[in-house]
Amino acid sequence: MIFVTRKTHFNAAHRLHNPNRSDDWNSETYGKCNYPNWHGHNYIIEVTVAGSPDPETGYVIDLGDLKSIINEKVLEPCDHRNLNIDVPFLEGVIPTSENLVKAFYDQLKDEVEAAASEGSILYSVKLFETERNIAEYCPYITIG
Amino acid sequence: MIFVTRKTHFNAAHRLHNPNRSDDWNSETYGKCNYPNWHGHNYIIEVTVAGSPDPETGYVIDLGDLKSIINEKVLEPCDHRNLNIDVPFLEGVIPTSENLVKAFYDQLKDEVEAAASEGSILYSVKLFETERNIAEYCPYITIG
Amino acid sequence: MIFVTRKTHFNAAHRLHNPNRSDDWNSETYGKCNYPNWHGHNYIIEVTVAGSPDPETGYVIDLGDLKSIINEKVLEPCDHRNLNIDVPFLEGVIPTSENLVKAFYDQLKDEVEAAASEGSILYSVKLFETERNIAEYCPYITIG
Amino acid sequence: MIFVTRKTHFNAAHRLHNPNRSDDWNSETYGKCNYPNWHGHNYIIEVTVAGSPDPETGYVIDLGDLKSIINEKVLEPCDHRNLNIDVPFLEGVIPTSENLVKAFYDQLKDEVEAAASEGSILYSVKLFETERNIAEYCPYITIG
Amino acid sequence: MIFVTRKTHFNAAHRLHNPNRSDDWNSETYGKCNYPNWHGHNYIIEVTVAGSPDPETGYVIDLGDLKSIINEKVLEPCDHRNLNIDVPFLEGVIPTSENLVKAFYDQLKDEVEAAASEGSILYSVKLFETERNIAEYCPYITIG
Amino acid sequence: MIFVTRKTHFNAAHRLHNPNRSDDWNSETYGKCNYPNWHGHNYIIEVTVAGSPDPETGYVIDLGDLKSIINEKVLEPCDHRNLNIDVPFLEGVIPTSENLVKAFYDQLKDEVEAAASEGSILYSVKLFETERNIAEYCPYITIG
């Protein structure tokens, strides 16, 4: 099993706020991340595909193709945008890193697997909100 | 001459927009950076003080003191905030990196120089809007 | 399964030395790392929690809470300290990265899991002694 | 299970080209990576060993020994070399990152495991062709 | 004086060889860097412009424009190429970092200054051959 | 004027303490950095030489030679050592970054300038105590 990863980046504004709860609950739960006029991040995203290299090309996936798919499915809708307002596939999602990384995975899965070598899977999506705060979604790791 | 630098970070939302010009001019001039619902960055700030080490302490400035001054004068007003709306000392400033770095320098100068060794100066402030886009203000470099 | 990671840092002095063996054995086994007057590192620590986001908050764990727990349980006892002498929970431990990372995991497990969403686990602790020398303890990966 | 990783680097020239296919196929498949006069990279390699620390030394593997083995088996043959022409163990291998990382793993496995603590395994080899394009070979992760 | 910097990257093959000197001289002078079948690097380039922000835009130079000029004048001719063979503006230049950085500066100067605010200058070009080996050309710093 | 820089690293223990002042003064002045049993850092050092490339070699200085000089004059005495106790050329120096960087410059100047192209100078030495705390000594920058 070979894992290939493409790393890229975008920036966006967001705010953590659960509209089903009171302002006090939101302020207490999210602290600075709930400030009303938004803040933002330079997000870094790492997308990992697992599979066997195609014997003709030596590629699990052409990383140029992977870059194009990430651009189309994640960066074009999100880059320089407000994640609470502007992104159709994030409607109703509280934009924590945990929720974003799951939404990005779902956005990418079908196109990435269609472009990769036979039998390959989208293994994980990892998101650095800052270089200190990181979330990863990997449905293939099971515990216990 | 010894230069000491403290590096720290904050994140914020912003938007490039000159309210004295038309929406078309703004959209053409700033492109994605003019999108109406804000975007944001993990800003990295580097503050450099130049001087001679105090012979008793060996410090040009105690970097713990420098960290506290940057926190009070720049990070508390800016962190998790909207640079176009929330920051009193940026009122009327288009928040390009060039303009921010000059404003941060002016915020810091007096307190930093008061805390540093005799004769030291605030030499420069450098701001990484992303790791690829950087601005620095240094009034002591002259050309020609 | 979502994985969230908080990255932080501290610095400390240490020395590799097994008091049950001769000085010659120690010098031959550990080389420079056995020098008598200590050396030191800027350690980077990454703590990863695995679980499902709480549906109300969108958090597996509030990374501010995770930061506070790491501060209290690892950074306060270790930062700017001598790992061979000053840290009660490292008494009798040869401070190789392998041994440190296991000890840090044990320090953190209960409080981290109590602060995280229902069913979450402390998945791993990773320690960068330098950016080239790294150890990770993850009791959930089994082989063969 | 403790994982220890040594990170190091080399640089080399290469070109992606499958000699069993036409020039047109190669140009279309590999794009810029097929340019005839070579291009090159600063490769970063991370080698991870999994095992239990030896109770006498506290080491899964002495990272100085691991560094020496990587130097002898990978860096000496590859550093400042042309991966398509100069490296005996890469003869007949199209030097994609996927193929390189598998070849490096095979080069390293026996010597690394002989130098590590009882029962340890060479867990994975990871190769950064650039900081954005990454491949990893880990035969111990199974899916489904 | 404000300094704005754009950081970008390309990769290329090269070899250090002075065709006016003997093979022995070249081998002794350049060591591994003289190996006949080329090696290569992921080069990082930082281009710095100095000037005053345009009062209308707040820009010393639009960093999107600067990116386009670097792409056209340096990256398109050099990326995935052989610096000894493929690049017209490097004909006759031994591709040390010192020589490259001067050649890149000359390539960029006119177009960058035409795109920047009134009175701005191309201040410096910095090239990272690796993250450890760096060259910078800055004609405005004088010594003594 | 071309600037070439070599970046390297070492680690060491140290403690900030002025033996001519009381323990209370030291504790108040240096805080955690005064803890009695030492702490330590992974220091990164950047050495910059300024000059004109030799027309035969294209080098201001062979960076392999510069690496060897830094190894001999700074890393061998300091690496894995205690900067307050073990290093002859630091005797009587309080090991703040400001004082270290000046001492390293003095250690390096003569040998570096003898190895560099005609007329070159040792321009600066920069020391990262951590990635956030940095000192640089550059005797050629004058102010006012």
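Think of it as A, B, C, D, E and F in the order they're written, each chain with its own count starting at 1.
Throughout what follows, a residue touches a chain if its C-beta (ideal position, glycine included) is under 8 Å from a C-beta of that chain, and two chains touch if they have at least 3 such contacts.
In this text, all values refer to a predicted model and were calculated from it rather than measured experimentally.
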Intersection of contact sets, subunit C vs subunit E, gives D, F
Contact distance in steps, from subunit A to subunit D | 1
Graph separation of subunit D and subunit E (steps between touching chains) | 1
Could you work out how far subunit B has to rotate to sit on subunit D, using CA atoms and steps of 5 degrees?
-> 180
Euclidean distance of C-alpha centroids - subunit B vs subunit E, Å | 28
Just how far, in Å, is the C-alpha centre of subunit E from the one of subunit A?
-> 34
Where subunit C touches two or more other chains at once, the residues are 131
Each pair of chains that touches, named by its two labels | A-B, A-C, A-D, B-E, B-F, C-D, C-F, D-E, E-F
Where on subunit D does subunit E make contact in their complex?
-> 9, 11-14, 32-33, 35, 37-42, 79-82, 85-86, 130-131
Taking the complex as given, what residues does subunit B use to touch subunit E?
-> 16, 18, 21, 29-31, 93-99, 101-102, 131-139, 141-144
Listed in rising order, the residues of subunit C that touch subunit A in the complex are 1-8, 50, 53, 56-60, 62-64, 121, 123, 140
